[in-house]
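Consider the two complexes below, in which chain A is the common component and chain B and chain C are the respective partners.
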Partner chain A sequence: MSSSRKKVLLKVIILGDSGVGKTSLMNQYVNKRFSNQYKATIGADFLTKEFEIDNRLVTMQIWDTAGQERFQSLGVAFYRGADCCVLVFDVTAPNTFKSLDAWRDEFLIQASPRDPESFPFVVIGNKIDLENRAVTSKRALSWCQSKNQIPYFETSAKEAINVDKAFQTVAQNGLAQETEIDIFNSEFPEIKLDQSRPQNDSCSC
Partner chain B sequence: MEPGFEDEYDLVVIGTGLTESIVATACSRIGKKVLHLDPNDYYGDLWTSFTFPQLDDWARRHVQLAGGKNLPDNGSQHQQQQQFQSQHNHDQNNPSEKVNNQTSNIGISLSKVNLTAGEMVYPWESGINLISNVEPVSYMINEAPEKQDLDKATEEEEEDVEEADDETEPWTFEKLSTERNWGIDLVPRLLYSRGAMVNLLVSSNICRYLSFRSIERILSCLPGTDELMDVPCTRQDIFNDSYTSLIEKRVLMRFIQLCLELERRPDLIEGFEGFEEQPFIEYLRSKGFTPLLQHLVLNSIAMVDPTTPTQEAMEQLKRFVSSSGRFGNTPFLFPFYGCGEIPQAFCRLCAVFGGTYCLKRTIDGVVAKDDVINSIIVGSQQIKCQNLVCSLSNVPKSLLVPRQVTNISRAIFISSGSVKDSQCAGSLLRFPGPFPILVVESSWASLIAPKGIFVIYAWCDSFTGNAKEDLLPIARKLFNFESGDEMNGKPKLLWSCFYNQATVDCSSITDKYQNLYVTSPPVNELDYDVAIEEAKSIFDTLLPDEEFLPRAPDHDEIVIEGTQTNQEIDLD
Partner chain C sequence: MTNFFNIVSGTSGVWTSDLSNSEAYQSFRANIPLRKIVVDSDSSKQWTLYDAGPKEITSPLIFLPPVSGIADVFFLQITNLSKMGYRVISLEYPIYWSLAEFIYGFIKLIDHLQLDKVHVFGASLGGFLIQKFAELTSRCPRVQSIIVCNSFPDTAIFHRTDSATLFWMMPPIILKKLIMGNRSSVIQSRDKTIQDSIDFMNERLESLSQPELASRLTLNCLNCYVEPHKLQKIPVTILDVFDKCAISERVKQELYKMYPNAKRAHLKTGGDFPYLSRPDEVNMHIVIHLRQFEGTRYSPKIMVKPIVDLSPMALENGSTSKSTQDIDEN
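Coming up: the complex of A and B.
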């Protein structure tokens, strides 16, 4: 199993109400750019970013909701094998902050992580570049503390403020969480169809 | 406050079963505006994968729907030929009266519906139920676990679970219910490694959302016994096999070689030595196949009947051989987390290309002029749409023309062991007969069940009209039904559910509206060929000049154009 540790795939999903800037955040982090042209997440799927931590090559896959969150219709497949969940709200829109409870519950039900209490979440209050702030840091922090000390970041995807820092925490905390698929992977290789080369298919038992 | 839908869509799709999902995705992919609804709170309709509690609820709900205790029908009358008893067609003369009787179905008051000359409002009643004879049975002693700590202990020593079987607490209904990570299919399938679904997933690039595991063995039940043997699928397997004699090995090797050549030289199949139209069994006999070899080739490799014409059987063999060795020993793949992932993968791509998704929602009515639907009514919204695609179970019964339906008998078995000594099996097994029975074994290794648990599916065209009667005999061959210790090496059955699922070809099941397309329920097939064919055919009718599911670009190929940071616009 130690050999399979060299390469790590980290699945991160971003949740939050429509329009809080989920797509912008991941685009800013991965592509270092911001566009004000997305409308309800057309074309956004998942982005990957590779980096090295502790001699391990980590591929972080950040999954967008693809707009399916709009009518609370994200299927269970979206949540499969998540290593970290980022909850995003808009600091100028109190309703999006109030929704965090529902998104967290939804995640815990659908993804049903092994240990819900210690599953790594990260909360991001986005759009701090705007004037009309309506959710205070204090209020957000106190919510995060009440949910087992979730790390909290205030960002601007537009001005690239704090975005890298937030995702570094996402990566670290996600890595600390070993999901079942990683455990199984070494024992039962998963087959991806788009890889032209057949993978090692031996079954260890 | 809930956001509303837009006022106009090119296509509205009801039901997130596989066929509808493929149509929705194909349309969205080439730029059509799609609204995709499903009255259920989960994706996939009958093509879904359930958790154990969901499956148990589903079964109980259907038992209740059928009026309480669901006893098998007496007698052996052939019931698979039923008919939809269609009500009379829509009351053409007085539709608004009909609406008035059913205003409770429509959330918008009639005065607010925008009607142009000749348009009428028709309510959209709930559709027909395709499931019957549901019989869930638990064979577990229903006790609360005595020691909570055991759970943790087993997690830490996962490697030892199998060996320590006697030490671990027995499975109880409660324990199964609290386990996570289930993916039990109502309509299980396997994918040929070079079959239609794999090809479509690769060519459309939808495969990026899915992972698979190879089915590692094909089993065969030796005639007249309950004994299961591993069918040798590769040269290595044939060489090592202990059931076949040296001569049989040689015959089989030569035959597999011939099949491989057929793949490269399809012309060989045409003039198949005068046997094209002859029963396949005749061909096998003529080539000196012993009864054991005939059995293996017919039932496990070609998966045809003895009377199947040789040419057709050879096509099946070609399919088998060409898919072998691509990813594993057998030609078959099974999706991680269950087959319910597949419709969801299509829906995700549909959403990525702008499709709008809403579960727990269906349409309440349609606004039509003559035989054309102009708009639909969802809650308090009237939405224009050009076409409506609907799965059969979401179409009002009154719109259907009477049809012969086929009943498929299905069973789901949950067991604490494999049907044949393995710790992580994925297996395929076919019982021959006038109504051949397919058995697929999947397990925790495909992440569809908790560690140590196997889920075994069986299905066939119904011959008694009742799933339990059709499938109980093979269940007795495979499982130990007693609650005691394991006997005869058969695994212990923990839970089972028999049910019948009706299916019918829906290509012309309604003639009421020319822009309403109805998709068929799942048929009795191993891969997805029929469903893909139907979806493609609907797509080609809707958009004759468009490409069906061209490759979707990868994330790094999607570049957001016009990137800039000068002006803030709300992202929604």
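Coming up: the complex of A and C.
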């Protein structure tokens, strides 16, 4: 029965420069869709995806942001409770790679996680389907290693290369970060449910 | 029927909880007038409401409270969203004893306020009522979009459908027990903001008269369920929490299945009343939900500078004490 399983909400935030493919990565992962048409993201939006890992029901809430709002505070509510942050750059555009430092700092300042050094990031070098590559894997890997061994993936949102794999790592590392929420109420173990009623529904006041 | 049990009458105005004494609440009460409107032939049936934001907007976001709530339980939405340019109206139910009476009354209220199609945020009972309202007005739609918060699609989940017809004669103490259910008032949350939201709601519950309590509980429990196929054209956001809340996992799943295309705005925590305990997150989800109507005839907000429009950063401003000054300036 599903209700005996542990249920977790994972909040994932995708950051990176405008046009690197943040929305495309999210759409490819959640909807298995890709559109060649570029449309700038306005504000922030999210998609949810459910899956199961280790007998736990995971609902991943993936937040896509507007790359153009760089360095502008999106507010605490947006970052609150993030479990993993995905930093995206375009392997054909060196500037977007150079911005990763700033995006990482921006996240750490805004989200202010309890332990910034161990907070899970994942770096994605997107658009490997294109031929004019300008950032080498070696260069990207060395940056990731210098930042406390951030996992690095090279993807193509267009051709669905490595996208699932990257998000699997996001899920695993995010789960390690997130504390579990038992559906049946770990917060108030002293309260017993009324046995005569099959469900935990009171007249919700 | 006389109001035999009507010992506690209406809102006393003397609140003692932390949230009621907060600067944000005091500022809300000082700045936004409480209105009372009668649309029925029976003048004792009175709608109570707060109406904030630009009056030229005819598709506002309307808030419907849960059983124990009164119009001020959405004060953090009213204050902050109106500052961002939205017209927001928070309602409190007249003493209506049937769904038909509610639907008839709500249509009259919309007409009285000269509104076009409206957006509705319904919490718990409010969410159920707006689903039924949208379903039963589907031929002549009055609802443009819906946000349901910790709500349900079927009153059978409360297992009270048999006794619902007798609520009118029950004393307040029994009715309050029914509302609290197995979440007795002894429950303490370790989270201060959730505890504050419970205290705030308990205070409102205590202020309600017997007919108010009994009529809302009757609406909440009379045998009735939503037929979702009549709501397929209406954009829906389902807002719920992943921590302890009166709505069970089974009911949540039922709601997801009924609205497969709904946006699912989950909060990690927030308890039963996230609009009080997690106002900035709830407001952010409201803004995201309403963004799809911007620039259309049914937009609930006036156009201001796009940068303020589109960034959730604006949400933050309202929850701080700065909000007081901003409202005063307006």
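Quick note on the criterion: the second predicted complex is superposed on the first by the 162 of 205 C-alpha atoms of A that agree within 3 Å, B and C clash if a C-alpha of one lies under 4 Å from a C-alpha of the other, contacts with A are read in each partner's own complex, and residues count from 1 in each chain.
Assume contacts are C-beta pairs under 8 Å (C-beta built on N, C-alpha and C of every residue); 3 or more make two chains touch, one makes a residue touch a chain.
In this text, all values refer to a predicted model and were calculated from it rather than measured experimentally.
A.B. asks: By the touch definition at the top of the document, which applies to A:Asn27: first (chain B), second (chain C), both, or neither?
C.D. replies: Only chain B; A:Asn27 stays clear of chain C.
A.B. asks: Considering only touches as defined above, state whether A:Thr48 meets chain B (first), chain C (second), both or neither.
C.D. replies: both
A.B. asks: Figure out whether A:Leu9 sits in contact with chain B (first) or chain C (second), or with both, or with neither.
C.D. replies: Second partner only.
A.B. asks: A:Thr59 in the overlay: touching chain B, chain C, both, or neither? Say first, second, both or neither.
C.D. replies: second
A.B. asks: Touching A:Lys158, do we find chain B (first), chain C (second), both, or neither?
C.D. replies: first
A.B. asks: Is chain A touched at more residues by chain B or by chain C?
C.D. replies: Chain A has more residues touched by B than by the other partner.
A.B. asks: On the A-aligned overlay, A:Gly19 touches which partner chain: chain B = first, chain C = second, or both, or neither?
C.D. replies: The first partner, chain B, only.
A.B. asks: Looking at A:Glu131 after the superposition, I want to know if it touches chain B, chain C, both of them or none. Which is it: first, second, both, neither?
C.D. replies: In the superposed model, A:Glu131 contacts neither chain B nor chain C.
A.B. asks: Per the contact definition in the header, classify A:Arg114: touching chain B only (first), chain C only (second), both, or neither.
C.D. replies: Only chain B is touched by A:Arg114; chain C is not.
A.B. asks: What is the shared patch of chain A, the residues that chain B and chain C both contact?
C.D. replies: 42-46, 48, 66, 72-73, 75-78, 80, 181, 183, 187-188, 191, 193-194, 199, 201, 203, 205
A.B. asks: Inside the complex, what are the residues of chain A that reach chain C?
C.D. replies: 2-3, 7-9, 11, 42-46, 48, 59, 61, 66, 69, 72-78, 80-81, 181, 183, 185, 187-188, 191, 193-194, 197, 199-205
A.B. asks: Any idea which chain C residues touch chain A in the complex?
C.D. replies: Listed in rising order, the residues of chain C that touch chain A are 66-69, 124-125, 150, 152, 157-160, 178-183, 187, 189-190, 201, 205, 217, 220-221, 242-251, 253, 264, 266-268, 272, 280-281, 283-284, 287-288, 291, 310-316.
A.B. asks: So in the complex, the part of chain A that touches chain B is made up of which residues?
C.D. replies: Its residues touching chain B are 18-21, 23-24, 27, 31, 33-40, 42-48, 66-68, 70-73, 75-78, 80, 112, 114, 129-130, 158-159, 180-181, 183-184, 187-194, 198-199, 201, 203, 205.
A.B. asks: Across the complex, what residues on chain B touch chain A?
C.D. replies: Chain B reaches chain A through residues 2-3, 42-43, 158, 180-181, 198, 201-202, 205, 207-214, 216, 326-329, 333, 336-337, 340-341, 344-345, 347-348, 351-354, 356-359, 361, 422-424, 445-447, 555-556, 558, 560-565, 567-572.
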